[in-house]
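What follows is a short report on a single structure.
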Amino acid sequence: MVKVRSALVAVVILCAAWVAQAQEKFITVASTTSTEQSGLFGHILPIFEAQTGIDVRIVALGTGQALDLARRGDADVVFVHAKAAEEKFLAEGEGVRRFPVMYNDFVLIGPKGDPAKVAGSKDILAALKAIQGAQAPFVSRGDKSGTHMAELELWKASGIELDKVKGPWYRDTGQGMGPALNTASSMNAYVLADRGTWLAFKNRGELAILVEGDKRLFNQYGVMLVNPAKHPSVKKDLGLTFVDWLVSSAGQQAIASYKIGSDQLFFPNATQPGV
Amino acid sequence: MRAPLTLLPLALASVDYATATRRIIRGVSTRIDAGPRTVILGPNGAGKSVLLRLCHGLLAPTSGAITWNAEELPGMPRRQAMVFQRPVMLRRSALGNVMYALRHAGIPGYERRQRAMAALARVGLEAHAGSPARVLSGGEQQRLALARVWVLRPEILFLDEPTASLDPGATQEIENIIGALHAAGTKIVMVTHNLGQARRMSDEILFLYGGRLIERAPTDRFLRQPASPEAGRFLEAQMPW
Amino acid sequence: MNAIADGAWQAYGLVASGDTRLVGIVLLSLQVSLTAAVFGCVIGLPLGATIAVTRFPFRRGVIVVLNALMGLPSVVVGLLVYLLLSRAGPLGSWGILFTPTAMVIAQTILITPTIAALSQQLVADAWQEYREQLRSLGESRLGAAMTLLVDLRFSLVTVMLAGFGRAASEVGAVMIVGGNIDGVTRVMTTSIALETSKGDLPLALALGIILLTIVLALNAGAFVIKEAAQRRFG
C-alpha cells in the first residue's frame, strides 16, 4: 500500500515538474564540449537570460554529434566550430543561415620534455611532421568534433597520410577535449587543443603550450538556427532571439568579457567578413 | 430453498499416482463419507501422505478419478482444510495469520478480526494474538494452524502427522482441538504412525501398504483382529513387546 | 592519495557552505533515481513474483533473459531511449528528451530487470516452502505471488536497494537522454563526469564522496528500519 501511494506521489511531482518545464521559455542549443568546458556559457548565458527571460539549455557534444542531433530535430540552434561541416549542414537544408560569432585558436600542447623538439615553433605543419617523424605519442580526439576535424586537416596539409603512418604513437581516444587532455597528461603526449579548454583545464601535469600563433590554427565558431521548415518542433522565435543576440553588440561584448585570470578566451568577430 | 450440496462423500476410483521413477499409489478405490473419524495407517513409504494430498487436491492422479459430491467455487473460502506436520506461517502476527484464512469470506474487517480472535481463544492462544507467528513454539504454531482451520469451519480436515514433531503435552492439546472440530461437524481424515493416537482419534482405519488400500475396518476390529497378513505384520512391528 | 584528501576537504567545504547548485544537483539526483526505483519496484516485484509461481511456455528462457538483462549496459539503455524519444523517433512528439522525465524512464528500464530477476529468485525459493500451505488455503497462483511478496518484504528491501543503487550510480543513460544540461538535467554522476573531463579532479572526487555518503546514509536508514520491523514481525 505504501509503495502504491509513494508511486502516485512521485508521478504527481514529476508531472508538476514536467508541466512547469513545459511552460518555461527555453531553447535547446547543441554546442560543443570545448565551448562548454571553457566556461563560456556559464558566463554569457545568465546575461542573455536576464535580458530576455529565455532559458538556454546547452547540450554539449562534439561538433559532428551536435550537428547530427540537430539533423534529428532535437535542437533548436547549433553553435559549433567546423566551417566545412556547418556549410554541409546548410547545404542539406538543415540550417537556415550561418552567422560567424567568435574565434579562438588551437594550440599544440605537449610534454615539457618535448621529444619531438617543436617548442617555440610558429609552424604547425612542420611541428606535426616532427612529431610523426619522432613517433612521439600523440593523442587525437577521434570523435568528429571541430577540433578533431581541424587536426585531420592539418595532418593532410602537412603532407602526411595518417592511415599509412598510424602506429602505436597515434592514440585515437574517441573522447571530448577534457578527457583527451587528461589522457595526454597521463601519457605525456602531444595533443591539439583549443585555447579555451586548455586555459580552463586544471589537470595539466607536465603539459604546456608548445606551438601557437600559426594562422592555420585559427578556429572560427558559427551559429545557425535549425530549419523549422524541416523540423516543425524548432522554436523559431526564441531561437532567432538567441542567434541575433550572439551577433549583436551586447552578445559580442559578453563574449569578449569572459576571461580566466587575465586571459581572454574567445574573440568576437561577427562583423568580420569572410569567416 | 435447497440446502447447498455438501462436499462429501468423496469418491476415489482406481486412483493411480506415479512419478517418473515409480508408482506410489496403485489402484485405490474407496469412498470417504461424512461422520466417522478416519485414520490412514501404514508403514513408511506406503504412500499415506501422497494419498492425503491427492484427496485434498494438492496432487493430481496420473489415472483414475477423485470426485467430490460438490464443486468448490474459486474465490470462496475453502470448505476443505489441511494441517501439515510442520505448520507454515506467514510473517505476520498470530491474529494476522488466522485472518488471512478469511480473506475470501466476504465479511468486513471488523468481523474478520472478531472471528479470528474467537478461533484463537478456542485453541488457547488469545494471549499471543499480537505476537509474530514465527516466534511461537512448535506446539503453539500447530495450534495456530488449527485456529486457522477452525475459523473456516470446513466440512473436511486432512491432517498429515500433525503431532509427529511435538512433545506429549502439546500432542494432547492438539488432539483435544481436533476432537472439538469433529464434535462441531468437521470430518477428520488423519495420517499417523502412532497406534495409540490412532486408537484414540479414529473410528475407522484405512490401511495402506505399497500404495494399495489393503484393508478398511472400524478401529477396534482392525487393531484387535486385522484381516490381512500385511496389517498383521505391521501391527506386530509397532508393538514394543 | 593527496587528491583524495583534497577531495574530502572540498566535499566538506561544499556541504558546509550549502552551495545552492550542489543542493539542486543532489535533489535532482535523488528525485530521478528514487522515482525510477519506485517505478522499477512497482513493475519488477510483481513481475518477478509472478514468473516465480506460474507456469507458461518458455518460462525458463524468460528467466535466463531476465537474469542476463541485469547486466544491461547503461549506455545501451540510454541510446535506445534516446532513439525512442528523439524528435526523429516514434515518441518524439512527446517532447520529453533532455528532461528529468526521460532520465526517469531510462533508469526505470535499466533497473526493472534487476529487481524482477532478484525477486523472481527469492520468491521461487520461498515458493518451495509455502506452496502446499497456500494452495491448501485456496490461494490462486497470482494471489500467492502477492502474498509472498509481502511475506518476503525484509529480503526484498535489499532487492529494492540494489535497484536504487544501480540507478543512482549510473551515468551512461542519464548523460545521453538528459544531455547533462546545467540546472535542468545535471545530476551527481554526470557532474562528476564533467568535472573529471575538465580536469578538476578534486572537485570530481568531492562530488563522488558526497554521492557515496548520501547513498550510504540511505542504505543505513533502510537497514535500521528493516531490523526494527523484523524484530516486530519475525
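Going in written order, the chains are labelled A, B and C, and every chain counts its residues from 1.
The definition used in the following text is that a residue touches a chain if its C-beta (ideal position, glycine included) is under 8 Å from a C-beta of that chain, and two chains touch if they have at least 3 such contacts.
Computed from a prediction, not measured in an experiment: that's the story for all the values here.
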{"item": "Most remote chain, CA-based centroid, reference being chain A", "value": "B"}
{"item": "Chain at the geometric heart of the assembly (C-alpha centres)", "value": "C"}
{"item": "Chain pair with the greatest number of C-beta contact pairs", "value": "A-C"}
{"item": "Where chain A and chain B are represented by their mean Cα positions, the distance between them in whole Å", "value": "78"}
{"item": "Euclidean distance of C-alpha centroids - chain A vs chain C, Å", "value": "33"}
{"item": "Centre distance in Å when chain B and chain C are each reduced to the mean of their C-alpha atoms", "value": "46"}
{"item": "Contacting residues of chain C [partner chain B, same complex]", "value": "129-130, 132-138, 140, 147, 150-151, 153-154, 232-234"}
{"item": "Contact set on chain C toward chain A in their complex", "value": "31, 34-35, 38-39, 41-42, 86-89, 92-93, 95-101, 104, 179-182, 184, 194, 196-201"}
{"item": "Chain C-facing residues of chain B, complex", "value": "53, 56-58, 72, 74, 76-78, 81-82, 84, 87-88, 90-93, 100-101, 104, 132-135, 148"}
{"item": "Chain C partner contacts - residues on chain A that touch it in the complex", "value": "3-4, 6-7, 10, 13-14, 17-18, 21-22, 28, 33, 37, 41-42, 55, 57-60, 71-74, 175-179, 181-182, 185, 200-204, 231, 233"}
